[in-house]
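Two complexes, one shared chain (subunit A), two partners (subunit B, subunit C).
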Partner chain A sequence: MSYELKLAAPLAAFFGLFFILPLLILLYVSLQADTAMTSMAVSQFTRFLFDPFSLSVLAHTLFLGVEVTALCLILGFPLAWAYVRGPAWAQPILIVVVLLPLLTSVVVRTFAWIVILGRQGIVNSALLSLGLTDTPLRLLYTEGGVVVALAQVQMPLMVLPLITALSRIDRNLDDASAALGAGAWRGFWRVTVPLSLPGILAGCMLTYAAAITAFITQSLVGGGQMLFMPMYIYQQATALQNWPFAAAISIVFLAAVLAVVSVFNVLGRLSKAHAEA
Partner chain B sequence: MHRQEGLEALGFRIVMWGLAALSFVLLLAPSLVVVVVSFTSGYSLKFPPPGYSFRWYVSLLDAWQLQFAAGNSLEIAAATTALSVLLGVPAALAIARSPTARARALDSLFMSPLVLPALSFGLASLMFFSLIGLPVSPLTLVIGHVVVCVPYVMRTTIASVAQLEFSLLESSASLGASRWYTFRRITLPLIRPGILAGAFIAFMSSFDNVPVSLFLRDARTDMLPIRMWQDLEGKLDVSIAAVSGVMIVVTLSLMILMERVAGLSRRLR
Partner chain C sequence: MKPTRRGLMTGALTLAAMQTFPRLSHAQARRLVFATFTGSWEEAHKDVLVPAFRKATNAEMVLDPMLSVDQIAKVKASMSNPPIDVMLHDPGPALVAIDQGLVESYPVADSKHYADLISEAQVATGPAPFFQVVGMTYNPDKVKTPPSSWKDLWKPEFKSRVGITNLNSTLGTGFLVEIARMHGGSESNVDAGFQAIKDLKPNIAAVAANPGQLATLYQQGQVDIGPGNFNAIQILKARGVPVEFVIPKEGAIAFKTTIHIVKNSPNKELAFKLIEAALSPEVQEKLMNSPYLIVPTNAKVKMTGEIAKVLAGSVEELKKKFVFQDWKTINTQRSAWIERFNREIA
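So, the complex of A and B:
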């Protein structure tokens, strides 16, 4: 017994009208020659692709995602590992600590980093009182600040799929690997990591997609000095009212995200087949 | 040889637990810092604060702009959640156990707002509504929010439908119960925790939405996260710390409540 597919019709119609159609209109606007929107051309895209500034914003944004994802993986994997291997009483505490940032407003989380990284913030007061520096360091509005703040903001997206993947691994495999003489590190790299690959890939995809589109954190921690794709789109669309160019940047950004997501999806399917084999 | 193995295992443990402890602190510290700084008696975000007081919480009682934006955000989030459940639950029932290619395609479509840049979609919606001549209003906001929030309802509902014992429904049908009666008395109670968890996440994510609201709101429909963002861009106002403190405490309480009634954490993985 199952339900008919027609129960999905209302939502499908809603998505057709309010999701797919707007995206098609975005594509249409991006193909306008100028802001008068009277003739069609690919000039907006050629303008983007031959403009070193636009290309550097795109490259900078995509690279930011790589940095954030790498940091999330390095810190998130041990946390998920500790959740699965640690004592049972610690699990509810850990899950609250992982979920709270996920559900707290992103503006609040970003605001926290402004407090932490500011000139009078906790990092600078610690450095000053330890005598490690005489003048407060500039930590806000730096790329390092953006990476750390984004990593914290997006970490739950990495940790949750990793917990799922690690809980599925048979603990006996660890014992077997140890009994066969493999050391802790060898067992980790040869058994635990390969078997949790589907979770690693799912976590990386979610973190990456979230990090490069994180408008609020990028703009507040990065400040006016650093321009990333979301703010670039917003500026072109609202401050400059250049809809065709804003639409073209959006399409390029959508395509870039879609490409990254598809690569992760393909890798995920391969790794799942591998882990189950 | 044995000692070497022991050392290696010890090194492994130190590295893993050390990194786990570091990320634990990294996840927890920002919320704690905000709560502490919100009780400052001073005029700056200095940490540690020079003294403690409730003054910034008291100042919220007069902050009508923030109150207005918070009221709007709550209304929009409530309407978004209601519509997301109404549209999402039937769709989840339809595609949860259907193996057909069409159901898989619909599933991917409904989930795609989770990974696509919401800011691009926000801009696309603005262009769409201005093309069909619909000015931005609470209605356009709710429509935009539903698109990006409905995946959360779908995901948790699909997971709970997938765990349903379909033999229960069959025996109910064979005992002569109508489909609607079976749905109301058996299916719905069993999948209710999944729907609740999804509705909760949809509500929180609508309340927190920036990329869609950015394009679909105007002065009459100011939204709390955008108001806070604009305040922070301008000056570092300490009352934002008090708002954040309130939001953290409310989020934490709701989260614990939802964990009790809907087993939230199990449904997020």
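So, the complex of A and C:
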């Protein structure tokens, strides 16, 4: 064994013991026929995969991730752009703005959103006093509310990779594309976006994975009426003590997330090849 | 000896390990561990029950507050050497713990206080040291006429103002059963209850994920009326939130919270003594008074103060006003109901 591998051994052992082993136990539990856990069967998986309701929860959760990721990208790209291309004095301010959400706990940020979106929250009182609405709008416990809150909570995960990717682009390329007759938009779409694709994909992957598994924000802003996969697992595991089904849901969810992540990976490799070509 | 790098490293690692896994250093004679509920229950037990236990036994004990489901998970994960000696459960989880063989039956014959308990609190698998009560909660600033019946929740004036919880909690499940009963159903047939919740939908402002969240919704003005736990409401009231609690004319939904000796506990004798202290009239009387306001189960405790005013002044009145539901029947169908709630209400 080389010296480098030996140095990584403690971490590998840690992962083996506290990540791989529990994952195998999870798989074992998911293959139990019932809660007594005495006989093995795949019935938990067939129960999930042939149940339209369970599948709709999965689809709903995966789509929530798409919405949050899209919103993060739309709002995050200009922010990263402003950081990279803006004046030097603005950079420290912007990096604080980007990092600030990371410095407070997710729970605190989520509670802040509850206060903002509530019936007597900032948004509703502003709308009421401007006379734009007569009765408070329902913002909390709606999917829109969950998407906005999650987008804010996960924003740094999108912006930081974007900043890295954008700052690596040689600015002479802008001038080159302008000199060759491309307008600002054409230059942006044909030069900047393709070159920043690795950053976009990394940001999307991180945001997506974080958004669909964000148990706290989903349940606090979404309330007890909206069911996403993390809450579904929690409900089965703790409220119903049905560990085999909860384990099976977890495995299905893990597989679904891995599938999405590998799509991003493939896209990432393609974009790299494209950028280097 | 000159300190070597290796020696220092080993020492540091040992210290770190002892810090991370304190149980390693005193794994043997472990102190009695009581898994109470979090929040106000923990505070009440720390202030009253723990000192009473110390006085009676001269032994030390630890409170390890956690949810019922977590208590079950922890004991189940290590049944031969459980990390908890005494568990506290709502009726649903209590039945799960009993079914899975996690509890010792209570040595009723040796108990000094068991016979004094109100009949509903006498449970051989683990007696009830207190009752929890669910009635109607409302914001008196916004709801001028206090509600008097569960039926009031369906009134058009409460459009988008009612708050309920889903069936993950004892409160949500108890509420469903109660309104099913009101519409001619029962614990074994809650169809009418589901229909009533569907009819309630225009009035529902929020389905909270848990009772704790439901309570905070009153604070934020998100909801103005709904079912609520007596003790949770008292905490809000003490913080100056405008909330009031009333018992509807159909009666209050009452749960017995039961206390259990864990099977294979190494501290069975002390566990028994702790439970005896929890059942004693002295402890229950202290817990009944402000600020704890915990409903006593020992018939020797004379009900006074806020409890007498809002809930019941005597055992007879309590028996008349409290509706105890049949959780054995409820538990067999609970998972089906949760699924149904997911599908029909969510």
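By our rule, the second predicted complex is superposed on the first by the 273 of 277 C-alpha atoms of A that agree within 3 Å, B and C clash if a C-alpha of one lies under 4 Å from a C-alpha of the other, contacts with A are read in each partner's own complex, and residues count from 1 in each chain.
Going forward, a contact is a pair of C-beta atoms (placed from the backbone, for glycine too) under 8 Å apart; a residue touches a chain by one contact, two chains touch by 3 or more.
If you're wondering where the values come from, they're calculated on a predicted model, not measured in any experiment.
After superposition onto subunit A, the modelled positions of subunit B and subunit C overlap sterically. More residues of subunit A lie in contact with B than with the other chain of the pair subunit B and subunit C. Contact with subunit B, but none with subunit C, is seen for A:A246 once the two complexes are overlaid on the shared chain.
Judged by the touch definition given at the top, the superposed model places A:M226 against subunit C, while subunit B stays out of reach.
Applying the stated contact rule after C-alpha superposition, one finds that A:I114 touches each of subunit B and subunit C. Using the contact criterion defined above for the overlaid structures, shared-chain residue A:T142 touches neither subunit B nor subunit C, since it reaches no partner. Legend: residue contacts after superposition of the two complexes on their common chain; A:S43 is shown touching neither subunit B nor subunit C. Shared-chain residue A:Y3: touches subunit B; no touch with subunit C.
Of the two partner chains, subunit B is the only one touched by A:P101; subunit C is not.
Clashing C-alpha atoms between subunit C and subunit B turn up only in stretch 58-66, chosen from 22-30, 58-66, 130-138 or 292-300, once the structures are aligned on chain A.
Touched by subunit B in one complex and by subunit C in the other are residues 114-115, 118, 120-121, 219-220, 238 of subunit A. Listed in rising order, the residues of subunit B touching subunit A in the complex are 5, 8-9, 11-13, 15-20, 22-24, 26-31, 33-34, 37, 44-48, 87-88, 90-91, 93-98, 100, 102-103, 106, 109-110, 113, 115-121, 123-128, 131, 143-144, 146-147, 150, 166, 169-170, 173, 201, 204, 207-208, 210-211, 214-215, 224-225, 228-229, 232-233, 236, 240-241, 243-244, 247-248, 251-252, 254-256, 264-265, 268-269. Those residues of subunit C that touch subunit A in the shared complex are 67, 69-70, 72-73, 96, 160, 165-168, 172, 205-210, 213, 220-222, 334-335, 338-339, 342-343, 345-346. Here subunit A touches subunit C in the complex through residues 53, 57, 114-115, 118-121, 138, 140-141, 219-220, 222-227, 231-232, 235, 238-242, going by the rule given at the top.
Contacts from subunit A toward subunit B in the complex involve residues 1-8, 10-12, 14-15, 18-19, 21-23, 25-26, 29, 74-79, 81-82, 94-109, 111-116, 118, 120-122, 125, 151-152, 155-156, 160-161, 163-164, 183-185, 188, 205-206, 209, 212-213, 215-216, 219-220, 229-230, 233-234, 237-238, 243, 246-247, 250-251, 253-254, 257-258, 261.
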